[in-house]
Amino acid sequence: MSDGTPVPSVLLGASGWIGQHFSRLLADHPYFAPPVLTGAKSAGRTLEQVWQLSDLPVPAALADRRLERLSAAQIAQRGLRVAFSALPSDEAGPMETELARRGVSVFSNASSHRMDPRVPLVVPEVNGDHLKLLGAPRRRAAGGQTRRGFIVTNSNCSTAGLVLPVAPLLGLLRPRAVHVATYQALSGAGFPGVPSLAIGDNLLPFIRDEEEKMSTETGKILGRVAGGRVHPLELPVSAQCVRVATREGHLEAITLVLPSSLRVTPEEIVDAWESYRPLSADPGAGGGLPTAPERPVIYRPEEDRPQPLRDRWAGRPERARGMAVSVGRLRVAPGTMRFFSLSHNAVRGGAGGSVLNAELAYRQGYLG
Amino acid sequence: MSDGTPVPSVLLGASGWIGQHFSRLLADHPYFAPPVLTGAKSAGRTLEQVWQLSDLPVPAALADRRLERLSAAQIAQRGLRVAFSALPSDEAGPMETELARRGVSVFSNASSHRMDPRVPLVVPEVNGDHLKLLGAPRRRAAGGQTRRGFIVTNSNCSTAGLVLPVAPLLGLLRPRAVHVATYQALSGAGFPGVPSLAIGDNLLPFIRDEEEKMSTETGKILGRVAGGRVHPLELPVSAQCVRVATREGHLEAITLVLPSSLRVTPEEIVDAWESYRPLSADPGAGGGLPTAPERPVIYRPEEDRPQPLRDRWAGRPERARGMAVSVGRLRVAPGTMRFFSLSHNAVRGGAGGSVLNAELAYRQGYLG
Amino acid sequence: MSDGTPVPSVLLGASGWIGQHFSRLLADHPYFAPPVLTGAKSAGRTLEQVWQLSDLPVPAALADRRLERLSAAQIAQRGLRVAFSALPSDEAGPMETELARRGVSVFSNASSHRMDPRVPLVVPEVNGDHLKLLGAPRRRAAGGQTRRGFIVTNSNCSTAGLVLPVAPLLGLLRPRAVHVATYQALSGAGFPGVPSLAIGDNLLPFIRDEEEKMSTETGKILGRVAGGRVHPLELPVSAQCVRVATREGHLEAITLVLPSSLRVTPEEIVDAWESYRPLSADPGAGGGLPTAPERPVIYRPEEDRPQPLRDRWAGRPERARGMAVSVGRLRVAPGTMRFFSLSHNAVRGGAGGSVLNAELAYRQGYLG
Amino acid sequence: MSDGTPVPSVLLGASGWIGQHFSRLLADHPYFAPPVLTGAKSAGRTLEQVWQLSDLPVPAALADRRLERLSAAQIAQRGLRVAFSALPSDEAGPMETELARRGVSVFSNASSHRMDPRVPLVVPEVNGDHLKLLGAPRRRAAGGQTRRGFIVTNSNCSTAGLVLPVAPLLGLLRPRAVHVATYQALSGAGFPGVPSLAIGDNLLPFIRDEEEKMSTETGKILGRVAGGRVHPLELPVSAQCVRVATREGHLEAITLVLPSSLRVTPEEIVDAWESYRPLSADPGAGGGLPTAPERPVIYRPEEDRPQPLRDRWAGRPERARGMAVSVGRLRVAPGTMRFFSLSHNAVRGGAGGSVLNAELAYRQGYLG
């Protein structure tokens, strides 16, 4: 573990939607120093000048910081040991690889490396143990000069809202298949993203590559590590993804197909969700991470929840707002159970996911 | 069949959203005279004065007609032989029963009598034959003085968008179960309906009784008539219903669970949809109904269709606009197939459904 | 002034939109005890159960408090000395009068008594001195048994966003007339308020009585007290009020007609706004009120501000969020100047306005 | 006048929002042949493939026509004598000049040449006589080989909604100044235009150059031609322009400052609007133009009109839908009168404006 000095960091792609959520979370973080900001097109402008999250305040500590145009070499030379990446996929691939090669540890929201079987794709509560793909922490801590960088990715935004409530049920329900229909917020497409004329009074039943990501990423996250790579869980996930005109918060209508012989009560399912505390159960493995919510899955008993407007910022303590997934409208029938899930796509399903990954890596000694 | 004189009719509940769609469709109808309009709270005001369908013109032939407050006895006494009902459910139950008792034939959008096994719940292309629950047409035509009324209902708005594209596939796919998630327009809740503050930047994952209706109505419509009642098809339908901020047009994400041994290609499915012409195949049984669309199910090959804004008014000829269901994004996987459906909730799933039912009854001699 | 014990208070109409904003502001207030909550239709339910401000948290201190149905007599008997009124106008008139008669001091958002020339209509920064209509504070403090209640009202929501930026300019510009066009948020109509089908893809250029209120209230607020009544300023205000589909925050396009001979620079106007600190200039008269913003008028130099989403919560310190008015796009031409104003209709233009009035009255000894 | 053969035409910029409205209006026009379509980025695709007006049908006659990339020389060589221009301003300037030089008559929606004092900026009902800037029609018709092209522009979208209802009142009211605040629809910014994340739950009080256009264009349109150029009317127009989240239809809150001595009744004003028939009054000068509405200004007496959703398509006959301006909420006070105006920004304020200009030029022999 670290000596307590905040780790110098860089935020790649600070002018985008996810980048700006990163900036909120990192402006005043106990493990990481306020990040250097990069942005190709907006270099020279301050964070305040490029701020797009209209309903959230610009973080005071970074408001006047100017975005820079930095190469991987420059980042490494400036001693920025951790990079948070909100780059678009086409830029993220080579940049992140180059940063890792130069000894920088990358926590990325980009999809470029997510399905590389040697790159951890991590939702800490679910598969924090996948970090062992990075090797033994101790050896890494031994000498700065031999330190190698690595890449750890968070999941796609819609995947996060699926695996978090499904993971606690795997043992109880042994599902055979998952059907999911999504109601995805505008910010999932970034800024400028979806034209107002395309989505006003409308729905767009297509998000490129999204359905495939929900399927393959879920398998990988729920898989197990062996022989230096991830072996995905075999669980068919069939998704139907739709863009809707909400700002933030992805709603998902989830159906699990169960073994026909299974008998389960709603109470057992609710109990599995409410007692799900994988991080706090093992503090040494991550308990008490600053951005981890006390309860990662919150069950709402009301007849009309969860809703984006009411539930997207779920999560305590204050630093973990937007990191909890809210579930509700649970119904159990012979052979199936179904429910709704609501998660903040840009926090739990984006910037917050990678910040939590970085906190876990920090606590486990991978940044030592 | 009739002698060609338009049948005198009444429209119950002309001040509501569905009522006003009825008024559009009936203002200039070849079988039915422009209807007398009723409305309890708005009696004395003209249709133009209570008009709520802001983006559609008031039908000229009815614009100045005043709404009246009429009892079932008055309706029967005025010789109004056909009633179109857009009443709210709590009023519809007793009123429709009383009208039928007095010899008026009721075509209703209300849910009150839909699940009565002796009342036809009809989507003409799918189960027009259920009208035989009403008895033999010929006997009915024999003498005006012995004429008895009856009730025929259309389906719930979201059911219409499900059964129309599923019906043509039953033989081909032999589905074992249906999973459906809906994206239902505001007008499904009528006017004033959903408060703007409740739905702006939000989604409401609850519509009272809607999921149950989709399940039970689908079984009844796809069932068969025997012994004077309907025997529902046993096909589990599990629905998850969500209100979204579109004006009109329900989108549905539909998954059919298929026999594991079944092999089917997308082309076979598309062909089943595109060749589906149940009414025109048998003109005597309804072919050429004025409000029937040439093609009840329209397959859209684009990667991002169907959409409410683009597809809700699908259907030809002009009188059948909004009566076709658009489907798209078909994907076939082992054991499942899935697609999106888009239907106009207030036309095919509401007023237009009952108008089409009345046309079918007229052509089959039930109004003789 | 008080002895520091929080004054027992009641919140009338806690189930409505403004009522719930009151509850947020009063749940943890230094002068007033957490209020007893009343609500006629929702009596028996907790604040959490009736919560409508979907994007704001229920105040923890009041979440479980149940709404009660209380008469004026009961309120007085329970020793609740201050009433905050979020009642609808038709209920507010007699109830507030009766409360005042029984010795309760009423701070009201309702319009019922606003234009009574003996009732102070107060925006503290602008006309805090109008409280002298209530008589001499000292005499009031003399003996509890002779204490009489009174009514103080805040302005209409759209008036607040007009008078706050106009007041600092009166001396500099000597305007002859004011033209204002408004862009008013949905919450100004309360809940359920505007139907989503009426406002989606639409604008409603009519809000009953609103234009008249903007004219008469502005005159009264900018007027002077003499002879125990308010003598309004003679300044023609012609308003055109429009409802738009935003949740909160009223935008106003304001034009001042200036004396033709007047010469003024934009810099002078900006300086008049930025130096406007009427409360802090005279602490004894209200400086340091908990809900008063450091700067009541904030000038935005950007080319596209103020905006509802970005500026509605303007105001510091934390307790004064939503209490500052943001202005921008100032343009000066011969004979006119124009600008945009943005204010939180439910905070500065509603609950916050009355809370600030109550703080001023408290500090000036009227609640002693 | 023409011999009745439809004039070969080209539509420049068919892939944009205004371009597609042009295509609707020209697909089946009595004077002009269905246009050749150009589009730089979309060349090779059919109109149907690039269609963006989601709630309007693609015109059947042009649906399969492919967009081409054509130079001014190619257009002239192909004998396309009339060009309708929906080009963006930066492309329109040189292209339109070049076309005119080569003998093509250009009817343009672009702002590039609008304020050139020798280029007619025309709203036919208001200043159709400005076409005389083009010279004597007869001489032009004399010989095809000497024919020169020209440019005629329509006004900015928001200007159209202002000058049409103001023009009929000039003589009656002799206004000294105009104040206008706008509520402008998304389509005014074209496609993709305004990002959904920027305008959802928001208002944008800035549209580049819009306020200046409303002022200078109004002066020019209401001006008079003398000495081969336009002499603008001196009437100060101060505008405040705001983008709102409606699809189509600009609402404007208009105030006219009147001579202090003027006495006028609302009835006189309404009468001036309702009796305004400048084109039909002089058929030879344009009466009976196909796209001209019977009544260019429609007064709505309801308390809450005009509204975008209800009134944007005002205008008869069918071909003139969207060409009438609706006004309402008239209020007269000493020294001022005010009202709301609603016009279809893409029809009357865009494509339809230029089509009407071309019809006028055709009928007056300028295209002979």
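For clarity, chains are labelled A, B, C and D in written order, and residue numbers in each chain start from 1.
The working rule: a contact is a pair of C-beta atoms (placed from the backbone, for glycine too) under 8 Å apart; a residue touches a chain by one contact, two chains touch by 3 or more.
These numbers were taken from a predicted model, which means no experiment stands behind them.
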> Can you name the chains that touch subunit A as well as subunit B?
Replying inline: C, D
> Comparing centres built from CA atoms, which chain ends up most distant from subunit B?
Replying inline: C
> Just how far, in Å, is the C-alpha centre of subunit C from the one of subunit A?
Replying inline: 42
> Hey, how far is the Cα centre of subunit A from the one of subunit D, in Å?
Replying inline: 50
> Listing for subunit D: what residues touch at least two other chains?
Replying inline: 54-55, 200-202, 245, 247, 307, 309-310
>> Give the list of subunit D residues in touch with subunit B in this complex.
In response: 54-55, 200-201, 307, 309-310
>> Taking the touch rule as given, give the residues of subunit A at its contact with subunit D in the complex, in rising order.
In response: 17, 52, 54-55, 186-187, 191-202, 245, 247
> What residues of subunit C sit close enough to touch subunit D in their complex?
Replying inline: 177, 179, 181, 183, 201-206, 236, 238, 240, 242, 244-247, 251, 253, 255, 257, 303-310, 328-329, 331, 333, 335-336, 338, 340
